[in-house]
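Both complexes shown next keep chain A, but they swap its partner, so chain B is in the first and chain C is in the second.
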Partner chain A sequence: MRIADCRSFEDVCRAYEKMSALNGKLNALITPIPPEENPNGGRLCHVPVLLKDNVSTKGIRTTAACRLLENYVPPFDATIVEKLRAEGAVFLGKTSMDELSMGGSNLTSFTGPVYNPYDFSRIPGGSSGGSAVLTAAGAVPLAIGSDTGDSVRKPASYCGIVGVKPTYGRISRYGIIPYASSLDHVGFFTTAVEDAFLALQILSGKDERDLTTVAPSKHPLPDHIDPSVAGKKILVFQDVLDNTPKQTKILFDRIVTSLKEKGALIEEIRFRKDLLELVLPVYSLIADAEALSNHADLSGVYFGNRVEGTDFEEMLVNTRTAGFGSVAKKRFLIGAYSLSDGGVLFRKARKVRRLLVEEILSRLKDADALVAPSTPKGAPLIAESRAPKRKDSVRIADNHLVLGNLGGFPSMSVPMGLVDDLPVGFSITSNLYDEWAMFAIAKAVEEYTGLCGRTKEGLL
Partner chain B sequence: MRPMIGLECHLQLSTDKMFSCVPYRYGALPNTMVHPLDMGLPGTLPGINEEAVRLALSFALFFRMDVAEKLCFDRKNYWSADLPKGFQITQRFTPLARDGSFTFQVPNGEKTVRIAEIHLEEDAAKQILDPEL
Partner chain C sequence: MNDRDIEKLAKDCRFELRKEEIGDLHETFRLLETMVRRMDDVLVNDTEEMVSPIEGEIPLPERMIRKSIDPEDVSELSVNASGGFFRVPGRKP
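Then we have the complex of A and B:
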């Protein structure tokens, strides 16, 4: 389904019906929004859009899939909501996600699991699973997510769609319920690279309310996609490929060969192994510490589901014990540990983060992109995801996408094809602010695979 | 032995709120000068009140202080009913300015008071606990 397919309010209403029917099987929505006509014209006129439920919508419940926020209604819109609405978009709903964006499975929402449209016994990936599955199932051409440690790009890979995380600071985070402020990025899903490019144009821009946003004048966004990859220097992430199963490698290698045939210069590289092994611990220590601090507002005093107590402290403990799931609690504990003792571990993690980022930057600054399979395989089974094997989680093949968050590098996943009937994605990460190179390569990959606009049909 | 006495003084600056940048008016009706950031609502982000920075810099220059190169803020995380965000934005590690002094006349000569540091922060308003509510 493409943005250009939506031409009238009738199209929007039809999309809403389709979405509601699909939701019966996918459980991807937390709050549906019956469509209302948007008087604004613009580049998204009559286009149905979904919003991850961490995006504040004025007057419409916003829960971040957290029981404590089950009835929280923001009195303001996130900046991106204002931008989308100004271009004519019609919002059809708030989509499910992992609670407070803490997870990669979309199994932790208080509304229950979200199911992968390619196989209902499998996860869609997370944390932006709800937005991913409804885009993959052809309900909408554009859905907003957020990406803190791969939460747009991994579900994009598992659901066979385009998932984009631009450079940190491109898109305002104002109004987005956070996970980790230095790692959070607003991202989005489409079924086509051109549609993703348009979404980036619309969503990005300086926002006075988010001091981390960059001025477009300083780092201009391209106004079209470079149709050629000739002469583009593409680095192949060998450390990831070393741990990639054969079937996925075959798909990946074919694509890289096609890029070479179009004139790209391919180079295999490896990074420092000792640093790569630290990606996940560095991420956890930083993300969970920031999250603990960010969510200290969830106390039940001013808003949220309050559980009473005889004094402030008791109310606080009761409210938070009842209000959070076990994964969120576990991550808060990790965050507390990270910050304990004056924050010794936290500060150490930040130093290692800088070393990791410099390691990647040292090669990326002279190249157009670093590429790898987004995930080694297709989506795992729900049963396996409830208790993931610790061994798997340290492998760089499963975690390389996090590098895009640690460094703020623009990164996207584009469908590669199917392995054992399950989608896998091709990941492209470019230097800071180099969305020009990233999209050019993404377009070339899409042209080779012929998967532009592909959705999973036949679900109803 | 001589006592050494240090004073920590809080000065309210004559300007809008520090991070939500909305007006502050003494005696205004309740809930008429509140920004979502003041409530600690999820997803809000702090701005910087530039006039407050200017006022603080004026103070620093008047007392001949060394001004920091960068304006950095820290979060002091703790739980309190009058702390909506669950943290106070302050300058624990990088105060705006350090090492100033103020010399003044007293009956038997001159005295100099050191100003160790000044920093910008937000402070909660007065909290009134009413068991009737």
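Then we have the complex of A and C:
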């Protein structure tokens, strides 16, 4: 389904009916929103759009999949909601996610697991799984997510769609229930690179309510996609490929060869192994410390599900004990560990973050993009996702997308085909503010694969 | 890290854990402690400046730069579910 396919309010209503029917199998929605005509014209006129449930919507329940916020109704719209509505978008629902964006499976929502449309026994990836599956199933052409450590790009890979995380600061996070403020990015899903490019143009821009947004005058976005990759220098992330199964590597190598045939300059590179091994713990220590700080206000005092106690302290403990799931609690504990003893570990992690970011910057300053398979293979089984973690060497292939968050680099996943009947994505990460190069390469990949607009059919 | 240490962290977080939740956490913290020791190996010549983002990489709020406000003073702004300001990790401990 493409944005251009939506031409009338009847199309929107049909999308709502299809979404409702699909939801019975995918469990991807937390709150459906019956469609209302949007009087605004614009580039998204009559386009049905879904919002991850960490996006504040005035008068419409917003839970971040957290039981403590089960009945929370924001008194304001997020900036991106205002922008989408101004362009004519019609919102059809708030999608499921991992609780407070803490997770990579979409198994931790208080509404239950979300299922992958390609195989209901598998995860869609998270934390933006609900938005991903309904886009992949053809319910809507555009769905909003957020990406703190790959939470748009990994579900995009697992669900066979385009997932974009632009440069940090491109899109306002005002009104987005946070996970980790220095890592959070608003992202989105489409079935086509051109639609993703349009979405970026609509969503991006300076916002006085989010002090980390960048002025377009300082870092302008391109107004079209570069039709050529000739002369573009593309770095192949060998450390990831070393831990990628053969079938995925075959798909990936064919795409890289096609880019080379179009005139791109290909170079294989490796990064410092000792730094790569620290990507996940650095991410955890920083993200979870920031999350603990951000969510200190989830207390039941001003809003949220309150569980009473004999005094304030007991009320606080009762509310938070009942309100958070096990995964969220685990991450808060890691945050507390990180911030203990004056934040020694937090500072240490930030220093290693600096080294990691400098390592990437040193390579990208003379190149246009770093590419790798977004995930080593298709989506894991739900049972597998609940199992103990795999050894570190495999994790580099599973977790390299986090580098885009640690440094704020623009990064996207584009479908590259099926492995064992499951989608896998092609990841492109460019230098800061260089969405120009990123989208040019993404478009070339899409032209080679022929997967533009592809959705999973036959679910109903 | 033993059960008591984990319970203390939970107290800092203002929630309680079930016995089975505590049991699941030992391996997590054991791995984390191992990785923290590896961080020391790579931080051979670290400096305090490394803690801060470099302007241009992760953008410092433009308003602060325009008004020449020292970013080190910005430590208490926060964004939360009901809207508000934005919290950046403080540059000082």
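Just so we're on the same page, the second predicted complex is superposed on the first by the 455 of 460 C-alpha atoms of A that agree within 3 Å, B and C clash if a C-alpha of one lies under 4 Å from a C-alpha of the other, contacts with A are read in each partner's own complex, and residues count from 1 in each chain.
Throughout what follows, contacts are C-beta pairs under 8 Å (C-beta built on N, C-alpha and C of every residue); 3 or more make two chains touch, one makes a residue touch a chain.
On a predicted model such as this, the values are computed, not experimentally measured, just so you know.
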| item | value |
| --- | --- |
| First (chain B), second (chain C), both or neither touched by A:426 | neither |
| Which of chain B and chain C A:110 touches, first, second, both or neither | neither |
| Touched partner set for A:182, first chain B, second chain C, both or neither | second |
| Partner touching more residues of chain A, whether chain B or chain C | C |
| Which of chain B and chain C A:330 touches, first, second, both or neither | second |
| Touching partner for A:439 - first (chain B), second (chain C), both, neither | neither |
| Partner chain(s) touched by A:302 [first = chain B, second = chain C, both, neither] | both |
| Which of chain B and chain C A:312 touches, first, second, both or neither | first |
| Which of chain B and chain C A:350 touches, first, second, both or neither | second |
| Footprint overlap on chain A, where chain B in one structure and chain C in the other make contact | 56, 62, 64, 69, 72, 74-76, 173-175, 177-178, 208, 210-211, 292-293, 295, 297-299, 302-303, 316 |
| Touching residues (chain side chain B, partner chain A) in the complex | 36, 39-48, 75, 77, 79-81, 84-87 |
| Chain A-touching residues of chain C, taken from the complex the two chains share | 6, 9-10, 12-17, 21, 24-25, 27-29, 31-32, 35-36, 38-43, 46, 50-51, 53, 56-59, 61-64, 77-83, 86-89, 93 |
| Residue numbers on chain A that touch chain B, as the complex places them | 54, 56, 62, 64, 69, 72, 74-76, 78, 173-178, 208-211, 292-293, 295-299, 301-303, 312-313, 316, 339 |
| Contacting residues of chain A [partner chain C, same complex] | 56, 62, 64, 69, 72, 74-76, 168-169, 173-175, 177-178, 181-182, 208, 210-212, 214-215, 218, 274-275, 277-278, 280-282, 284-286, 289-290, 292-295, 297-299, 302-304, 316-317, 320-321, 324, 326, 329-330, 332-337, 340, 342-343, 345-352, 354-355, 357, 361, 388-389, 407-408, 432 |
